[in-house]
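The two complexes that follow have chain A in common; it is paired with chain B in the first and with chain C in the second.
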Partner chain A sequence: MNSQSEILENLINNISKLPGIGKKSARRIAYHLINTSKDNALNTANSIIEARERLGLCIECFNLSEDKLCNICSDPLRNRDIILVIENFHDLYLFEKLKIHKGLYHVLGGLLSPLDGIGPGTLRLNELLNRIRMNNTSELIIGLNHSVEGDSTALYISNMLKDISIKITRLASGIPVGGEIEYTDEITLKQAFENRK
Partner chain B sequence: MKLNKLILDNFRNYNDLDITFDKDVVCFTGLNGQGKTNLIEAISVLGLLNSFRTNNYDEMKKFGEEYFFISGEFTDKNDNRLSIKISYSDKKKKVTFQDKKILKFSDFWGNIPIVYLIPDESVITTGPPLERRKFVDKLLSMIDREYFSLLKNYSKIIKQKNKILFDLKKENSFQTEMIDVYNDQIVLYGSKLFEKRVEFLKGFEKFFKDILIFISDGLFGGSISYSSEMDQKSYSSDLREKLSVNKRTEVYRGLSIIGPHKDDLIFDINGNDLRKYGSKGQHKLFLVALKLSEIKYIKSITDEYPVFLLDDLYSEIDEKKSAKIAKILDEDIQTFITTSNSGIIKQFDQNNTKIFNVINGAVNLV
Partner chain C sequence: MNSQSEILENLINNISKLPGIGKKSARRIAYHLINTSKDNALNTANSIIEARERLGLCIECFNLSEDKLCNICSDPLRNRDIILVIENFHDLYLFEKLKIHKGLYHVLGGLLSPLDGIGPGTLRLNELLNRIRMNNTSELIIGLNHSVEGDSTALYISNMLKDISIKITRLASGIPVGGEIEYTDEITLKQAFENRK
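After this line comes the complex of A and B, so read on.
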């Protein structure tokens, strides 16, 4: 161990804290950062600093944003009557790439799971309620996973809004495109049948 | 389903064992502690990916060794070869089925149906309701993927709700928003579980009644009924009602006490509750009949007989009854029996029987 540079060890340690990166990959990445041109490596480092210093959360929808309001919330062409609730930034990115949703978003920051210490207070549910009240939102699309946690969160949101006049819809579940009926599990097949159109 | 070949490497007290089976009745005899049960344990792990003795794969490793490996070659009723290999080292399990790695164990479940009867299972008839639910849940999970998935989700919902109730009790507060969320889901999943269990019982009980009468020589008639705090004619609405009424009690207890995870089966023998009034012999016979019915039921649903593993049962059952059991099993059902009394094997068709003697991890044809 002592034969190793402490600086290198430190770098490997920090890289291995990234999600999905083990000790071995961390070591490979560290070697790469040292072997590559100095500019390359410093660009990476600067991007991290810049992202951390200049990116914050949109005060409306909690999307990542450089300004108080994100690009979506400040876009006058977006339909402000419809809000799509999603779990995290990544889901927002996926929906935006599709360009199918013309309304706004609301990033919850997780799904209800008491076992993991995530209760209603941990998520941005009050913020959602306030937004809907303030803006007279007409439709809420729930774009959450069809898992126990996703279903619980969806139910909680529906219950929370039961005294407010708003249309609430949920993403349909069913057979994936290119999926074969033969290999679709029974529950999904049933749901696909019941939600057919 | 038939097991043709079994290979064990560092499994329990076996160094390396390679054994082939060409008969439907396979008997392992030998003194206690020689490794008879280890053999049928290995077979059960091949089909179910867990052991009836332990949830810890480390315990199955030969003492002092780094890994274990087991493999089995089966043939199904259409003579298709099925090959399963399980290896375990460094706390990692690797399962391959038909030379493809199994990533999700639940995807494999049910491919190689196994039914076992081991002495520990006497708790099914004598023990608390949990044991009878486990009996049904395990059986249905093996043959009904939707049931397995419902049960998995339902258990998760109960765990999440228990955490809420536990926290509310600790904080001495009564906020019901989160309870409502989980209660809605308990109604949804719980009623489906109930429906599936009742539907199962209807089919299962037919086999069971006939088998119990047959093996008891007409002495015992039996029945199985579903027991629940809910009104079974309107289970779903009654469940919703009871969940709502009992919110405070559940918070007070800090535990989820309403739902199909509290339901039970009532076993009746000659009109009496077996659990309260049954003799030791009646319990034993009831259990045997349950297991034999399990075999017949699986066959009726999947069109494939499971492999049957019998651990040390015959020690307490008289010859006449064991002859009847043998008669039921003589129907193309591969049966592995461990016993210290090889005389028992006389009951089976001798042309279809093979006896192995097990001595300290060595298995030899008698």
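After this line comes the complex of A and C, so read on.
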């Protein structure tokens, strides 16, 4: 009999589904959650529940938000003429940390990848088109990975906007081809942003 | 403004307190919990709450248990004459996986470490003494790390039992001095068990 308890195994099983955590780490974490103070453990559980119940998506840019509009879209100091298109929340966080983009964002929610069943309808491309039309956006910065999926998504966006008068730029050299924004060091990312073309 | 949301930061902060998880991994895990299906996320949270509310300690051996007696202590097929003393739940799990020990366990809850404020009163040593007296235990196997703390705990136990007629053995060669049971491969652990002295 290997199992100490079904409840424990269930906990380990759920933890091992988290990214980057294998079965052994999951077990260590589970024992920790059982051994730590009850407050600590329940705080962790409740912060997950709270995040799922109180966090939604900004109706404008699809950033994570507690309100209808995220704290970037509702910030009167941001330049509303420039939109930086990014793949996900994490990339938004990385750009914000650099404090180089003063405009708004648009979180696509993924990259085109037909083999994975991710077509244009899955991403927030129509919403991007509508935003640009409604707000007369003057510049769109494409901040997507330089990968096959990132390139084809960038191309799709350019085609989608070809009849609209807007400056389209893309993060330039600096991000290695095939590399991911998430793993780019801050200096390289800054250069790529400044040399956008 | 770096923060997308206080609720998110709170979640990341709680996750980063888990063993082996740094700030960056915590952020990835938090985004995953927000992006995955709501069911998945809530299952994870609820399994933590369930573990804290329904798991307690076996009143005999202090193993994790859903009932008063754990499934080892309540198993009529286990040899009640032999007790294997171990540091924590995880070591119990490792021994059970090997299926070599047919007796009972006693989870000490730590090792003597005066510098960390862990004295005999903090561990379940009196409970061990009472169990041995009550049940006329014939053999006590000390399955503690071969470290300074493990050695002094083993010595303390031997002294505590010096007036009682009981065979005391300790896991033998195989476990490297200074090494930890948790990181010992199964074959070595098996040998150490079989060559106990």
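Throughout what follows, the second predicted complex is superposed on the first by the 170 of 197 C-alpha atoms of A that agree within 3 Å, B and C clash if a C-alpha of one lies under 4 Å from a C-alpha of the other, contacts with A are read in each partner's own complex, and residues count from 1 in each chain.
Methods note: a contact is a pair of C-beta atoms (placed from the backbone, for glycine too) under 8 Å apart; a residue touches a chain by one contact, two chains touch by 3 or more.
On a predicted model such as this, the values are computed, not experimentally measured, just so you know.
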*asked:* With both complexes superposed on chain A, which partner does A:A45 reach: first (chain B), second (chain C), both or neither?
replied: second
_I'd like to know which partner A:V148 touches here: chain B for first, chain C for second, both or neither._
first
*Report for A:E139: first if it touches chain B alone, second if chain C alone, otherwise both or neither.*
neither
*Determine, under the contact definition given at the top, whether A:L115 touches first (chain B), second (chain C), both, or neither.*
first
*Tell me which of chain B and chain C touches more residues of chain A.*
C
*Does the superposition put A:L92 against chain B (first), chain C (second), both, or neither?*
second
_Contacts for A:D185 in the overlay, against chain B (first) and chain C (second): which applies, first, second, both or neither?_
first
*asked:* According to the stated criteria, A:Y156 is in contact with first (chain B), second (chain C), both, or neither; which is it?
replied: first
*Quick one: classify A:D81 as touching chain B (first), chain C (second), both or neither.*
neither
*Which chain A residues are contacted by chain C in one complex and by chain B in the other?*
none
*What part of chain A is in contact with chain B in the complex they form?*
112-115, 119-120, 148, 151-152, 155-156, 159-160, 185-187, 190
*Which chain B residues qualify as touching chain A in the complex?*
145-146, 149-150, 153, 156-157, 159-161, 163-164, 167, 177-178, 180-182, 184-185
*Going by the contact rule at the top, pick out the chain C residues touching chain A in the complex.*
1-2, 4-8, 10-11, 14-15, 17-21, 25, 27-35, 38, 40-52, 54-55, 63-66, 70-72, 75, 88-90, 92-93, 96-97
